[in-house]
Amino acid sequence: MNSSSLVKASHALDASDLAKHFEAVRLQTEALCRPLEIEDYGLQPIPDVSPAKWHLAHTTWFFENFVLAEARPDYERFHPLYHYLYNSYYNLAGKYHPRVARGDISRPTVAEVYQFRRYVTQAVLDLLGSSSEEVLAKIEPTIGLGINHEQQHQELLVTDIKYSLSRNPMEPVYFERASMLSSAEKPALNWLDFGGGLYEVGHEGNGFCFDNESPRHRVFLSDYRIAGRPVTNSEYIEFIEDGGYRRADLWLSDGWDAVRSNDWQAPLYWQQLDGDWYNFTLAGTRKVEPNAPVCHISYYEADAYARWTGKRLPTEAEWEHAAALLPVEGNFVESGLYHPAPLSDSTSQFYGDVWQWTGSAYLPYPGFKPLEGVIGEYNGKFMSGQMVLRGGSCATPRGHIRATYRNFFQLYQRWQFMGFRLAE
Amino acid sequence: MNSSSLVKASHALDASDLAKHFEAVRLQTEALCRPLEIEDYGLQPIPDVSPAKWHLAHTTWFFENFVLAEARPDYERFHPLYHYLYNSYYNLAGKYHPRVARGDISRPTVAEVYQFRRYVTQAVLDLLGSSSEEVLAKIEPTIGLGINHEQQHQELLVTDIKYSLSRNPMEPVYFERASMLSSAEKPALNWLDFGGGLYEVGHEGNGFCFDNESPRHRVFLSDYRIAGRPVTNSEYIEFIEDGGYRRADLWLSDGWDAVRSNDWQAPLYWQQLDGDWYNFTLAGTRKVEPNAPVCHISYYEADAYARWTGKRLPTEAEWEHAAALLPVEGNFVESGLYHPAPLSDSTSQFYGDVWQWTGSAYLPYPGFKPLEGVIGEYNGKFMSGQMVLRGGSCATPRGHIRATYRNFFQLYQRWQFMGFRLAE
Amino acid sequence: MNSSSLVKASHALDASDLAKHFEAVRLQTEALCRPLEIEDYGLQPIPDVSPAKWHLAHTTWFFENFVLAEARPDYERFHPLYHYLYNSYYNLAGKYHPRVARGDISRPTVAEVYQFRRYVTQAVLDLLGSSSEEVLAKIEPTIGLGINHEQQHQELLVTDIKYSLSRNPMEPVYFERASMLSSAEKPALNWLDFGGGLYEVGHEGNGFCFDNESPRHRVFLSDYRIAGRPVTNSEYIEFIEDGGYRRADLWLSDGWDAVRSNDWQAPLYWQQLDGDWYNFTLAGTRKVEPNAPVCHISYYEADAYARWTGKRLPTEAEWEHAAALLPVEGNFVESGLYHPAPLSDSTSQFYGDVWQWTGSAYLPYPGFKPLEGVIGEYNGKFMSGQMVLRGGSCATPRGHIRATYRNFFQLYQRWQFMGFRLAE
Amino acid sequence: MNSSSLVKASHALDASDLAKHFEAVRLQTEALCRPLEIEDYGLQPIPDVSPAKWHLAHTTWFFENFVLAEARPDYERFHPLYHYLYNSYYNLAGKYHPRVARGDISRPTVAEVYQFRRYVTQAVLDLLGSSSEEVLAKIEPTIGLGINHEQQHQELLVTDIKYSLSRNPMEPVYFERASMLSSAEKPALNWLDFGGGLYEVGHEGNGFCFDNESPRHRVFLSDYRIAGRPVTNSEYIEFIEDGGYRRADLWLSDGWDAVRSNDWQAPLYWQQLDGDWYNFTLAGTRKVEPNAPVCHISYYEADAYARWTGKRLPTEAEWEHAAALLPVEGNFVESGLYHPAPLSDSTSQFYGDVWQWTGSAYLPYPGFKPLEGVIGEYNGKFMSGQMVLRGGSCATPRGHIRATYRNFFQLYQRWQFMGFRLAE
């Protein structure tokens, strides 16, 4: 976020509200880990997936390094090596442990990492409780950023745990829940029509935003229609059954390579048993729910499906323009489902359930300025080779999402809760 | 290109003009190969580089398959296996030989491929000379596309030959030329200022264009400035000497990975000897010309240089808006230099010398429709993972380029004549 | 081992002795894991290294599958999926979990694996206590094999834990011990001379042996000399300082490739600080002890060192002939050092401290017959691409080793306690 | 070869005989290339296969570097860069071009390489014609080695050309020949019985040998039987049809990995069409001849077949002991078939047709000493990771083979003419 929005963000809260919010978010991260066995905390089955223990420690390091060590010259770090172990990718902050080897670190133990968390949480609370107005004005934007950063990692915790557990033939269950099979009625598909024109997108105002959402700027949109809901599992199954994964002409060239080299035949976590489709969920292996949004698909698959229908993905500007006036409601992490829910006729599902791939590459907005200093590496340096997703998912904290929020992943990625809606 | 522009393109020519143009382009391809030894025709040192023989045959197959076999039911293909060997990537046209193994094909011999060329060239000329108006109307767009396709491969021929010869410690010389060391005077850098507003970009009208250049559409541009000339070698050397290749903070994350894994320390083909920079050229190893545009750099390098200066790359719309009114003049393949020339104060170098990386991802224009049928795989399926380059280079045929032309490559590629200009 | 030796082995013990021995070995495996944190049990930093938890479970599966399930038709396996998870490589026993993914399995938990161990240990003890003579005669050979199998995994436990902990910059300490720096006196090097002739090697008689040690057979040996002790660290440091790792002429071709691609400059676990050599040990990072046998080197390094001295490695027959009459004494796992000890003038170190690379490829003895059935996959199928090592190490149980014992590893491996002695 | 055998070898010839022999071998290499198009000379479809042009130049470099540059201080090398380009692997002779990139070198042209050959051939002939007795005594051993070296490359030329042409769907034919389908009668399989005892193997005496064949030394062999002929195609087809490639229990562990990762289902060059087996040969694709020795199989396949029959491969000592007294007769390169011929009842096929895998690893003989100097890298440094083959093949020059000759390849290699015979 640029520094002006950071400052504004901080002014919206007084220090004690901020302290409460901070503490609540910190506790929520730990709550998400409660179902885990100690053995689960260290798993890193693929380089993209980080161990739960690493998420717990890295989000803590963020506050230690960017808030405490900055604000208090006498601050004593919890352990001198944690700076090396839990810096994720900030080159300006020094050398860091290779991402691929995060799963090789058994010490600190889980208990020690929780101690680290308590140590830092308390130190931040102390700082908030004891700082002058002037100091508060300086630290609040970074604490705000740290809170949002930790919320991002809450989502990654859920998706990484899901991926890690899915690789175990024991099929561990993260939590028990009843089935949520939807009604047989397929939800209606309404199209929302928008007239072309010059519109504004991007963030502005008092609330928190990341630097990549600003500045707010004008874009020209032609007339367009956008689907009133995401594509569902039952619709996607039609694509599969029509040979979608075997027809090169439906795919981007890189996508077709991905299909063949990974032998993709369905979304991630899906398997077919006796003619029925099942998917691995955090509540165990369940039948695929026909009327829930299709999920765990790559950009390539979303794009191929769109081509199969003769439609396309919306751009991120189209999506934002359509979503901007809608209330931020939906199936977020707080619902405790950790899975997309069946759609009903009345919901638009712009928010929650599944991140929606757009047809826009993740690039800087006109006039984009990264944050100053080390923290400028937060977003800007990833602006190549990725596509934008919008809307949040069933693993996103409700308070973390907004119309202007830009998520981004490589085109082949599938392990996030990723789906899409059509446009034309 | 969409079918309407194809039709229009064809109407601009009568059949005999088209025949002359066709024949000239066919001969020009062969002229480019004249300096080669038979042994040079088969080289494929890396998968991205195709053998010269393959280019000669593939461009011929294009006419055989999309023109002759379509238009003449009785047409007898020159050899039944060439369809498999020289189809590049059209999945709808059937299976094809793997790209990585093009260099493994010693037969047909070079002589046989030239026979194949003559056979097909003559058959197209016969067809043009003997077809009814109605048939002509049908085949002329595809012949026009085939001509432009062959011109694209003329450029690839030059760049692939350069790369292939560069790998030989014997340092073969493609052609002899005198030195073109520029004056000591550094060319002035003027900035062109444009006010923001709603503009149109994309192709429209009678001339030929590829499908990816259309439809013409409106975009909103904020106020911007664009450099009046590309970045030069001497400017780029300052970046190198300032530690540009060793400072992670200047690079995109993927770019920094590329720097380290490829050990990049300078543009492709450069080496430092006794403190001076030299580069491999098609006329042998020469001293780097300080005032020529820097060339053979990746998107990552262009982006890092721009960040080092506090500026950025132009978007493709900005570039096109600035270039649209300029005459298409510059150092093209016809100059016979096969190398970027030193800049003078008076030229803008929007066209020729070096393709210019833009900050725009290669994506479909709003309303884009690929060509119908097999040939729809020409451009559309590559619209992921690449960035747009504009303006043509010293290896581009002069008649092939225009303001709306969109070239595209992966961000790590360097073997084309690639440079950039700044914007802000 | 062939069935006759198995039967003989079993007759050396009565059932109650066997039960005691079995139980002691089972407990010893668990004792080796006592210093571990739960988080340590799951580490698999490279495919060759298995998690401690896996070793605990796999050795248990061996008894469950080859003893209990064979002997008791009503035997109920502890968990149906463990057969898949903890079969290591027996294709005839069915599909098994990929080796590379052993570290991805967080469930069963460590506690559950210990339950599995107790369940199976008790079931074997019950079986031993309740079986008829006839049944005992059938199961004792396999129990004997399972005991020896478990001892092999005890050694792997130690070496795998060492490797796994070494990858952690926190440098976890497995156990605390005082320094064991040796006297400044370099141990004398005596050569043992043997006249050529026709000798017998291989196992025969009552004791246990693996199938690959038999049959005993005649070999012709020319006159040879074999070093009275292994090469020491101080001797090896001379090789390093003489440029041993930079001189291609000293190396096998494959070895030189390994040096360059792995950037080997010293034995595994070594690093140089301020001119002194240190090595990672299970008691932390310690100074290299000059008079201890060099350890953690590949076959290629042993071979290069030998070439540097103008000598060679002994063949396995030479080694066995020299070692056959010596008592099996030395620094084994029972010493609790988990590290090679400094040499003295009086010991031969044929046994213990370090496995000694021989110049013999691991191939079947003339007349070799693998065990019958599934268990025939134990040794025979690995008889390609490996070299034989002899003598046991500081991680080998004392009762597990003998003169005829053939260990074997790929030539590039270094993570076992591997050293060598010279011959000529 | 050790220096004494080299000297003896040279004394067997006077200078003029040597010159004639030298010239004949040089011409024979070129004769093997006569069927090639210029385009064929540069092919290197896989790193193990070298271009024909490289073989022509490398064998020439061998004489230039080891004979001419040594013997004549005033000798002027044909081109200064050829020393870099055509040194294969002699590290002590300086840096050399990477093996994997031999196919990237289009210049020198084929014509220039032939010039290089003539230049060096003439210079060696001049040297032989003008040297004193003393000089002759010094150079003759190296010329003898160069001749044998060139003969080895003649075989590689044939096998590399075969492999390179096989990758082309045009299926180029190297030479035309009539079918050689054998009689329907399966050749008898006689077993040769040998009593155990102490025997001598290895080379001794006046003829030429490589250093790896000496010294002659004693080995003890137990009683053994060895098959009177190699395994035939029809026998091998039974193995295939019995599911040989699908039964893990028949394979070495590394072999089974090779089967699965390469998807081996038959020997190299084989394909099944309408139930019949065909194989690619230098005379085109032909039906597999049932009674010819099976060919183009790896060590793993030979070993698996042997296990399937309950037999084994002979050791190299067994093979040599059996073959030593037989005349060196068989189907060699001079027969012009370039393919194994059908067996008859009367021939033993110890020599010619196919190299026969033995069960012996390629290791130094007791007392082995490599040649002095740079040329010591010829054989010794490859003594790891390979198995010994014996007997020569249909691509071996008749005068090049003998009972003591040790060929060696990695266990997965198949592109040489490799077969096997059984023992027990």
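We just call them A, B, C and D in the order they show up, numbering each chain from 1.
Following the convention adopted for this analysis, contacts are C-beta pairs under 8 Å (C-beta built on N, C-alpha and C of every residue); 3 or more make two chains touch, one makes a residue touch a chain.
Note that the structure is a prediction, hence the values are computed from the model and not measured.
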Next item on the list: Name the chain whose C-alpha centroid is most distant from the C-alpha centroid of subunit B.
Entry: C
Checklist line | Averaged-CA centre spacing for the pair subunit C and subunit B, given as whole angstrom | finding: 60
Margin query: Taking the mean of the CA coordinates per chain, how far is subunit A from subunit C in Å?
Written below: 47
Next item on the list: Would you kindly tell me how far, in whole Å, the mean C-alpha position of subunit D lies from that of subunit C?
Entry: 38
Next item on the list: Would you mind listing the residues of subunit D that make contact with two or more other chains?
Entry: none
Note to self: What's the contact topology between the chains, one of line, ring, star, complete, other?
What the structure shows: ring
Item checked: Full enumeration of touching chain pairs -> A-B, A-C, B-D, C-D
Item checked: Residue numbers on subunit C that touch subunit A, as the complex places them -> 37-43, 45, 53, 81, 84-85, 97, 101, 103-110, 164-165, 167-170, 172
Next item on the list: Please give the residue numbers of subunit B that touch subunit A in the complex, ascending.
Entry: 89, 91-92, 198, 217-220, 222, 248-249, 251-256, 299-300, 303, 312, 359-361, 363-364, 366-367, 376-377, 381-385, 411
